[in-house]
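Going in written order, the chains are labelled A, B, C, D, E and F, and every chain counts its residues from 1.
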């Protein structure tokens, strides 16, 4: 039994000019809906075939700036204003988006750890398979819009995926630069090959990621940065007209250098950070301390930085368990 | 069968000078602990009997600045530095504090809606009964340290409980003023009589509340404001030496004027606020909009302010349901 | 501390003519919404003050015909067509309606076992207190629209609440008769005084209940019966014009005579009924049998009727546990 | 490490004549039973080896007619009355049957999406592997008895699995015809190869499926249709004596033609259907509407049919979410 | 609205001689059973009216020796062998017994903290109200059969409830002595008045409690002790014939002297006890230690005894949280 | 995309002499910790390279003697006392250990059914992959310390894994003998190849397993046996000095002979065993009976032994469901 095709289906015609607002549906046979589907919103805005850019939001269900900005494009961008084809998927991991959870409530999977997916796997695996096997072959570029999610506060930034091909890497850097985010950072995710951006890079697509603030909320400033950044990349790629609009930010690329860049909790308790985002910090200095509220007579435990640089991210919820990421340091990227 | 006494017990001697770091224990007979107790940390720092001030933190379990600052007092304040008696309860709603939840996981009750409590009720009711029937009669003043909790972002502020007795009201205003928070606000909680501060006022205690930022995290700035504010009130009451340390902030009292001060969600979706905390806003102007991410072709719904003033609080989680509090406006308090 | 007033608030003016579509809001301070409310839809359609009729749906959250028909009235009935005042509450137990559950997910309480309610109790108790203390005193008549809910299939019927006052009982019978349902039945609910209809009767209101099919679904036929029945009662009471529209059905009143009228499961398994709704049955004859699917070699256990009459209700889900109501028999009511 | 054999074990001897009522056991090492098993009931009634027919019920745990009728065969059919071998598995997905859930509570998997299974996978995968690797090779024919389950109401019908082999297809059609159900329909399940009937067909077995009413209940009429149909197929195959007993029903085969045959919910709310099962409907006409009970002032949303034919199935629970299957249309099958 | 009578109903006739095996049923209207009941098994074995002895098991749902022995009496004791009346309730807290949980899954209440109950409260409160308001007035003596439950291992013992009335206290001591358990202990439950035995004593009944081993299992030895003990008390009271059968055990009464008798966990971790049940221990000596398995480099924390005596109970589950009861010491009772 | 390496990382240097107490960390991106890790404690005590022995505890999270004894080694054993290298992993299945559950709460997987693991699978699969692909190649011997867990009470014993290679089998028997447990038993786990010990044997490691009492508690006696046994095996392997310390116990090996050695529950109820651990029993004799507490008038069902030998294990929780393992019989192992 060899099955290689997705069982997802759509009434969108990828080859038709104009705007089509629709869905791709994945059959889902569960207790309270034996013959139903999971409907992932999918919009095509087309005026010619090249270039094709995929705009993806809702990779994680608790990251909102991307979906909000992509919704504005779905409702507001006229096909005549486009040169080429936009495939807009504002809430790709729909079950997680509806639940406002990082991972899908259907199978407890992190969509961004399921690529390239499985056509007969669980729903999350079916969706990532659809993206990698149906959408990626249609496209020249891929923009994956993340925010920090419920657990992290992050400097709004454009994210560069590591790339072994120097030519593609250069194109990726140029596109990331075009986003004009306050910060640019290369993130390797511990080398995990199962993310959508690493899969896109391996498929040869120009690839841009983002981290837009976070903490599970929506901030007016991050929406503005995201709206401008997406438009800038589309201008850079020639899909919409106009010059890239300059933003203010830190010049040069940073990188999360390795496992020492993460300050991990060593005990269960409440983490009190000593620094705000963007603060310069030195290796070996205190990052914050963990309090034991149920036993206030016990002295708090201090955590220290394992690498120097600037505070790029910090944990949002006060409560921590051993292994939780409390602080992340970004260091300058040396070429 | 008439029972009026708490079944909570403690080995703290409220009449002994010096510092005692201990617990008050409430018998709790549950499936996995038939003969166990819930242990609420309780510290007495005593050097003479008058005045007696109760310092309470952890009323809600996801508000951390108060417990952190009270833990510093438990570990660091010497009895010789005190004139009178401090009863410090940094994590009064211990089950909620351990769970980092607003409400207790034991009975799903909001501790601050259970006063005056019930000696044979559920654990939350037993604790509030202990506070109102054992601690309040020992005290002259009561400081209840809140933050915004998981769902709200709030301007750090000292909070005035409405009081029918003009003399006590004046003493409360002076104590609230002494806290030297960036903002001072009277909050009536829809007139609910079941809060700890309203119960304290009815018991004749000088009463100060706070709201220290929020969103379920710990911020360095809010910890500093809380630490200074608690010390200031203790100085004001003569419990520790020194002059009140001035902070910077908005002069005068504000108030949450009524139900029109709250902007409530009308639909399920993701709320995008248009304003930051502290922004001046007018009645009838837009407060933000609700997005429907699962259906990006549908236009967002806009919410408007029902009262004018400054944005005092806003919802933190992006996800809203009908009835959720999205924005709160504070208006100047007129005497 | 004496509190007798509801903390629910509304912007509906019960004394203003015309149609007002709004909400009554109950403050609800929970983990993910510290300062929010539960919003219960409430509409007043008024053209003069007398008579005042309360139309209530959504007492249980999985009974849909009543709310559907009341929603049609909210959207479609013009005030000019009314003589008197309608207070329409289509989804009174809103949290249960949103969850499609019989009981409220907030406190696991059955709204219809909480009357007369408690102004400072849990949300369900606050709502029932609002109905009994705010709405009942405004009204002359009360219509409470039930269906069978998720667990029962019932003959569509108008329901008579037992009443100790002969004069009111006669008025109730006339109003129940006016509904023109296929079946008329008196139900005593084991004599429980905590239902809304028993409380309404004790308050002196003309009271009509219903059971409109059930099984947690919506049936076109039951919607039609309910729509006609509500209009008929309003005509009978003189609130809207026109003559009562005749329906077809069983003449005379039946009654659930006592505990012997219920066939209860004696084992855990799958219940196979032997009869359809409306079938005449005799005391002592078989009602159905319980199968043991995990052990198919074991003989099924047969259940028998404890009273004779017609099959008025039967359990919908196949799975039963001991004590589950499998069948209900209605017997002719003797006066 | 190559493992191809099931770790399930049984004390049934498939080669012994007579009736054996037993179990096949799958080791299951979980928290509350480290060394236990899952016991799936399995009965063999044998009188010679040919033909061998597998009778399977409980593929989904909330479909009861099949298990009830197979239980009658287990208890009542004498080996002497059989010519060949019956392998009866009335509750194949035992964990789901015990929970009365469509999917297994052990691993949240839909048994009918796990074929051909995995000998070292989760319990559901182990069971489907046992059926496909141990039972299928023993058999000539396979009858899989479904009902509509908790979420669907369906016209009682015999179901034809699509088959690429014309000779087998003809044998399947004859067997389906022999069931003498009120309705005959070909269902492709969106082309999913992971069902038990599609796997049986690929294995060359004569294959008959059913849908016996549904809504998670047991109906006397569906039990009668199922009892007669199973006996009829066994007569048709020569396993038991006698002529096929004629039933009344729609002549000819229907088919669920494609994705347009399903009416899917577009919003969250309560679905009110406009039609009963069996009603003839046209493409583009209204199927029903979705009500918004929490906001009765909002107009309901109407759904339309995407294909014409007869209403073959409809959703049972009133509550719907986007993507839920509300109606299914069957069209005449053209050869 | 004054309601004082239970809504529980039974078909047992307490005034009829002979054996009746039946149930008392409490109406329970929940989501999956709108008109069902909770059925508590109740048996009367009667041969004359005096004395009347209530035999109660299943007060907590995870204590099995009492229900097993009372089931033997229900099935095996002939009315002719009885002089007086036995009211046997082997599984009084039926919902907890079915769930094998200490507390009821219906309302999370500990039955033994709900006396005297509430006729219109939750199911647990309705059952305790039935026991105290219907059964107690019929009886002369009350035997409440406990074991240690899931969380405790306890020396099998007969338990004396403290009693303010010297005459009744003497009768209680004689009955407890008659049980002939290996150990006799007075337990005050922190003075809580809400237990069934304290309520029985206040009602003037001769009262005997037990603790039969525990840890949520059944032990052959504890079943033997319990069987003999119940028979012995019935002989002592003259209900059945014969002399009290002597057991071996510790002479004299012990007592749980106060809060210092309990060794409570101070940290979260795994408790390793140093002593077995029955070991003599001194105040201030080590009782055991708590290990931190997730951090094996951290030294374990040692706990010490706060009182001397013998180890009467110890915690069964390895996992502890602060406040969990780890050890209980019994000291000689001085008169 | 070919990935064969683990994404777990550690700062332990396996080639450095001395003691290193650290962790191996597995990236885990979940809702409340987007960039965190699962930290599994790992200690190396090294003084030369040969032999290398892996000491593993916490395979299941509710088995405590192994982790306690390995923690003593981590804290107390000096490198100078070692000849070779110890790799100590006291809580290998850390998420299960923290939850005190047999299976991991992260993915509901039984760690001991996941070997050889999957580098990109779920966390449990990643850990077992790390053990089999990183640790096993470094080692000469493997000791896997189990207890009975929450569901079983077992005779403390050293366990022999079946081995096809006679030379390795002899070395395994000698090492198991050296443990000097009260009982020695060969266990085949139904032939499942996914356990850590079967994988170790296939990898050619000298392999010793244990079962140290159980029931989810810690017993002083089992800790002593485990402490002595681990030291004995290390002495036997020459890692630490000294002669093997003799224990008392049953001579010769026993074996769980096959599926007939397990007494499985046939009904749901409460199991009352008739025998204690170690009792000699005959095939066909009664093992115990199942009581139906909710229906005490029903006769209990008796279970019988399917094989003779001694009672090696018995179920701990009183509550049983069909298929639960109630008793296990060990028979003499014949070579």
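Note that a residue touches a chain if its C-beta (ideal position, glycine included) is under 8 Å from a C-beta of that chain, and two chains touch if they have at least 3 such contacts.
As the structure is a prediction and not an experimental result, all values here were calculated from the model.
Listed by label, the chains that touch chain B and also chain C are D, E. Shared contacts of chain C and chain E, meaning chains that touch the two of them, come down to B, F. Comparing B-C with the candidates B-D, E-F or C-E, the pair whose contacts agree for more than half of the residue-numbered pairs is C-E. The distance from the centre of chain A to the centre of chain F, each centre being the mean of the chain's C-alpha atoms, comes to 41 Å. The centroid of the Cα atoms in chain A and the matching centroid in chain B are 36 Å apart.
Distance from the chain A centre to the chain E centre is 57 Å, each centre being the mean of its Cα atoms.
Across the assembly, chain A contributes residues 39, 62, 294-295, 315, 317, 322 that each touch 2 or more other chains. The touch graph of these protein chains has some other shape, matching none of line, ring, star or complete. The chain pairs satisfying the stated touch condition come to A-B, A-D, A-E, A-F, B-C, B-D, B-E, C-D, C-E, C-F, D-F, E-F.
Every residue of chain C that touches chain D in the complex is listed here, in rising order: 21, 39, 41, 43, 58, 62, 64, 67-68, 70-71, 74-75, 90-91, 94, 97-98, 100, 153, 215-218, 220, 223, 270-276, 291, 293-297, 299-300, 315-319.
Chain A contributes residues 60, 62, 101-103, 108, 110, 112-113, 116, 148-152, 189-194, 202, 259, 262, 264, 313, 315, 317, 321-325, 328 to its touches with chain F in the complex. Put simply, chain C touches chain B in their complex at residues 1, 3, 7, 9, 25, 27-39, 107, 120. Interface of chain E with chain A (complex): residues 266-268, 294-295, 322.
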